[in-house]
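Each structure below is given as structure tokens.
Same chain, two partners: subunit A is paired with subunit B first, then with subunit C.
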Partner chain A sequence: MPPKQTKGEYIETDTGNKVSRKSVILGSQNIILGGKTIIQADCTIRGDLRRTVAPGQHSGNVAIAVGRYCFLSRSSVLRPPGRTHQKTFSYYPMKIGDHVFVGEGSVVEAALIGSYVHIAKDCVIGKFTIIKDCVRIEEGTVVAPNTVIPSFSLVSGRPGVVIDELPETAQEGLELKNLYRMI
Partner chain B sequence: MAPRSITYSFPTVHISCPCDESIAITPKSPTKPSAPAALEEDLEESEEEETFDPRAPRSNFSLFPLDNLLYCEDCNQIRCPRCVHDEIVCFFCPNCLFEVPSSTVKSEGNRCTRNCFSCPICFASLVVTPTGEEQAGPYILLCNHCLWSSAEIGIEFEKPTSIAAQLAQKLKPPSLARAPSGSFTSPLSPMSASSESYFPSMGAPTIITPDDEVDKKELSPEERFIKLKAHYAQQRAGAGADEYGSSPGALSRLMGLYSGLGSGSRSRSFGRGIGGFSNTGGKGKPEWTEWDTVKEIGDDEEELVERIKEVGFAGTASKEQRIAQSHQPRFIQDLKPLAALLRTKRSKRCRACRHILVKPESKLTTIRFRIKLVAMNYIPALSISRLDPTAFNYVALTPLSTHQFLLTITNPLFDPINVTLATPAKTPGNYPSTVTILCPTFEVGANTDVWDEALQTATNTPTPTIKKGRKTGMLIGTVWDMGRNWTTVVIEIVPPLLPLPGELDEDGNELATEDDRVVQVPVSVRVVYETDLERDDGGLGKEAKEKREHTYWSVLGLGRISEKMPTKAAEDAAGPSAARPMSLVSAPGKSVIGRGSAGEEVSGNKNRHSVR
Partner chain C sequence: MPPKPRPTEPISKPPTTLASSIVIAEGASLTGTYPIKIGANTVIHPRAKLSSAHGPITIGESCIICERTLISPPDAGGLVIGDGTVVEVNAVVEGSVGTGSVVEVGGRNCKLGPLTKVLDGEVVEDNTVIYGSGQRRVDVSGTESARRRLLERHIESLRVLIPSNPSKFIN
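Moving on to the complex of A and B:
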């Protein structure tokens, strides 16, 4: 069990989120954290990359929504995906479920990540990727943009492809409640 | 799914499913009746037999991580992917996540018929992308990873939907469009010039004409398939009410077809009579014939050689790219987008008693299960760590020195369990390591549910009477540490000194392979506990307790032995006899259960060499 972090490294919110003081969080008004989520040092969360709207038009403010018991390791990056549609470039919101682990140095530009998803370290999750519940992505995987990964998949390689099916016990193995307690 | 082999990331814990001993015939307890007290020699032999050898060729197929095992309550037995039956609940496309009805799978095949394709070069998924002005057509299939597009093989689509149908239309060979399929007399003619011999009894009107020979070259796999399909439909109709394969006649006819097909044009003799397999000599053994011979480059292949000259090595398809395609093309130019293979949601049944073990909810998007009997809820879990928390290197264990590991047993049951661990004193294999479990018999507390855990985290203290090695120093016969539903004991190994890589024996074989360097310790885990007997009326009887027992073999992958020679100090510590590795080889691996008899003390720091 790792030793308790030195006091003051994390800022704890009312809902139990622990955000490192050394993380880079831009556009925090556009970011929702579900609670009990941990953001480690040197993480970058680009809440400032929000959907561009025509003047006078109102759309949701949320750029990044993260669920409960998520863990963003050191130096990971969350960046909403963007593309040019009908001649205008716009970012699109990123939604992440519960119990999602993002490993050290991984860059995530997915549109949707379900619950119980483990992204190991040094991965790149391409733009507009959709990852369903119960998925494990192995170290160093590069998932191509627009990929859809169904539940109970083990993904590996460059480009990341499904190499195996996860067993029925995957959900238990991917739960992060204990990890939260350790920090 | 193929069983996972033991990988070189340590530590590993695998559990052996005993189903290779009693495969799917009768539910059988893994515990064998103990050998009757006979001659001591016999006893020793039987003990040797019972030791699980992780290096035996078959073992690789019976070892699984706990996560991959199910549990049958009726058989009271673990079930691995090998001893369960899968039943498909539904088919779905992994890309568009649409459910595909099984009738469609039967008629259209097991690939997505919408717009889902993967790249023939790198296997990433392809995206329908407009190429025209203002997001308009024509459209192409574009790989966002390697930037391959269907335009490279000259395929563009008019509309962004029904890509599969459009592609099928475009890939349809021109010859098929020319001649209706009905005009072919035999679908097998392109594969063999001697198709006459296939159906001699049926008198199929197969006439080999020069025209057929011409067709032979033009046939694409699609054409061949369509013709085969038509042919079998016709055969089926001809067989009348008989379903294919239901009568012996139909079966032998089918066998005749296939055996004839396999023999190719070079072997006319094989297809004689009704089916090559019925035409056997004496004892009914099938007649074996050469399947194919080495081909010389014919005129038709000269073209191929020319093409290789033209495109170079870079223009040829890799093995992976080739086998993914149905027509096995040699050139990258001939690769086609791969329609996404469907995936399935499956139920699982015990192969012995047919009891259902896993049943997912039928809704496609949910990960919930209606029934999920997984082994981790029934048998204790083992985990390994090093005693010295600073020594986390498992891949370079110093030979001939003592390495201490912590083995933690966690109880998932709501009753306390008594655990007995047994291990051979020397691990099986050419270069055995010495193994000692300091405390082979102990108790593990009961599991409590989540709410209890939350309410009384600190109050639920383990039995205070038991001394903990963590506090008292390492005594043989004492556990190292224990908690609510877990107990940790110390396991010691002394790895042997192996010949260096490159050292060869007389026959030129390497003396110690990489596999020999891996320390694999078989551990028999015997669990005994008493549980409340569930009565048929649903109530729990006060005195109705039932004693239950479960034994399984587990294999601990503790690490890899270093090539480095031990230091002088380590040799001294291990004793003079251990310095000669060959003596270890000849030492018989005798099973010893629980070697701790006297209270000899082993200091925690003695003999430890931190390996980095």
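Moving on to the complex of A and C:
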């Protein structure tokens, strides 16, 4: 049976997020979507993996915060990173900026992703990775845990290393407003 | 409008032996006809798939099986996952795994890096680390017991986070 595209593939929220009915969102009370974010079918978001140590005054109980105009493709996984610190294991919140594209089948366990980041398909972003603004990560890249990727980088390989710089005009090419309108 | 009743699963429930102290999320799926055995203190994340259609599955104590993993033995010989194994997100396991291993996306105390593949019939020696695009090295750091302690803390915290429902899988 062909999938029905006509009747509500996506649920649209008040702030313009479009979330596929077939996506797997666990612990939705711990997830913040900034607005105009698209979550495609089969995408898994693990909001249930929240902090288990007493959260400080500022952090609250948010497990995953996503900015505006983000695009999470099919079968991608967002999962907060976890580690043992001072003899207790805890997951730590994951922050994603605006205009972030996550390709098909990519697994993201980063601590922080800036704005205008393009992660192509089948990538693995290791635990506690920090990705700054305007970064392009090529297909099949495996970014090792705890890596810090500077702004305007082109990252590729296993393990993912910076192979080139992006031009200063890269931000225009990484905007996702048009992609949002297409869905 | 009331939601339509979902079609009942045509796949038969496998005979399961679950230890009482396991954490298994309701969203996990155990399918197939051969028996599935899960040891004490093991955590099965939601959306993990264990398919015993072709052979029995035995999972040891203190394992973590993450979401979107597929564990399916290729033949009736079955598959054994040793104690203290972590099977990370999106991994596909079709062979036996030794004690204390970490399998990420792809022998004893081994660690398979993300997106690495081990071929059919291949035996990976104890303490091997497979990383990058197929490079291998032998880990001689001897941090086995330290790793086990970290794992136990990890399991304790997951026990709080993941609502467990073993009754759904017992028949």
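General remarks:
Going forward, the second predicted complex is superposed on the first by the 172 of 183 C-alpha atoms of A that agree within 3 Å, B and C clash if a C-alpha of one lies under 4 Å from a C-alpha of the other, contacts with A are read in each partner's own complex, and residues count from 1 in each chain.
Definition applied: a contact is a pair of C-beta atoms (placed from the backbone, for glycine too) under 8 Å apart; a residue touches a chain by one contact, two chains touch by 3 or more.
The model shown is predicted, which means the values in this text are computed figures rather than measured ones.
For the composite obtained by superposing both complexes on subunit A, the positions of subunit B and subunit C are free of clash and fit together. Taking the C-alpha centre of subunit A as the vertex, the lines to the centres of subunit B and subunit C open to an angle of 110 degrees, rounded to the nearest 10. After overlaying the two complexes on the shared chain, residue contacts for A:His118 are found with neither subunit B nor subunit C. Contacts of A:Val162 after superposition: subunit B is touched, whereas subunit C is not reached. Looking at the shared chain after the overlay, A:Arg50 reaches subunit C, while subunit B stays out of its contact range. Once the two complexes are laid over each other on the shared chain, residue contacts for A:Phe152 go to subunit B alone; subunit C is not touched. In the superposition on chain A, A:Gln171 contacts subunit B only, with no contact to subunit C. Closest C-alpha contact of subunit B with subunit C, superposed model: 5 Å.
In the superposition on chain A, subunit A positions 126, 142, 158-159 are in contact with subunit B in one complex as well as with subunit C in the other.
Partner subunit B is touched in their complex by these residues of subunit A: 86, 116, 126, 132-134, 142, 144-153, 158-162, 164-165, 167-173. Across the complex, subunit A is touched by residues 27, 46-47, 67-68, 89-90, 104-105, 113-115, 131-133, 150, 153-154, 156-157, 160-162 of subunit C.
Listing the residues of subunit B that touch subunit A in their complex gives 1, 67-68, 70, 92, 94-97, 118-119, 122-125, 127, 135, 143-146, 343, 358, 365, 367, 369, 372, 374, 376.
Contact residues of subunit A toward subunit C in the complex are 24, 26, 44, 46, 48-50, 52, 77, 79, 82, 84, 87-91, 105, 107, 109, 122, 124, 126, 140, 142, 158-159.
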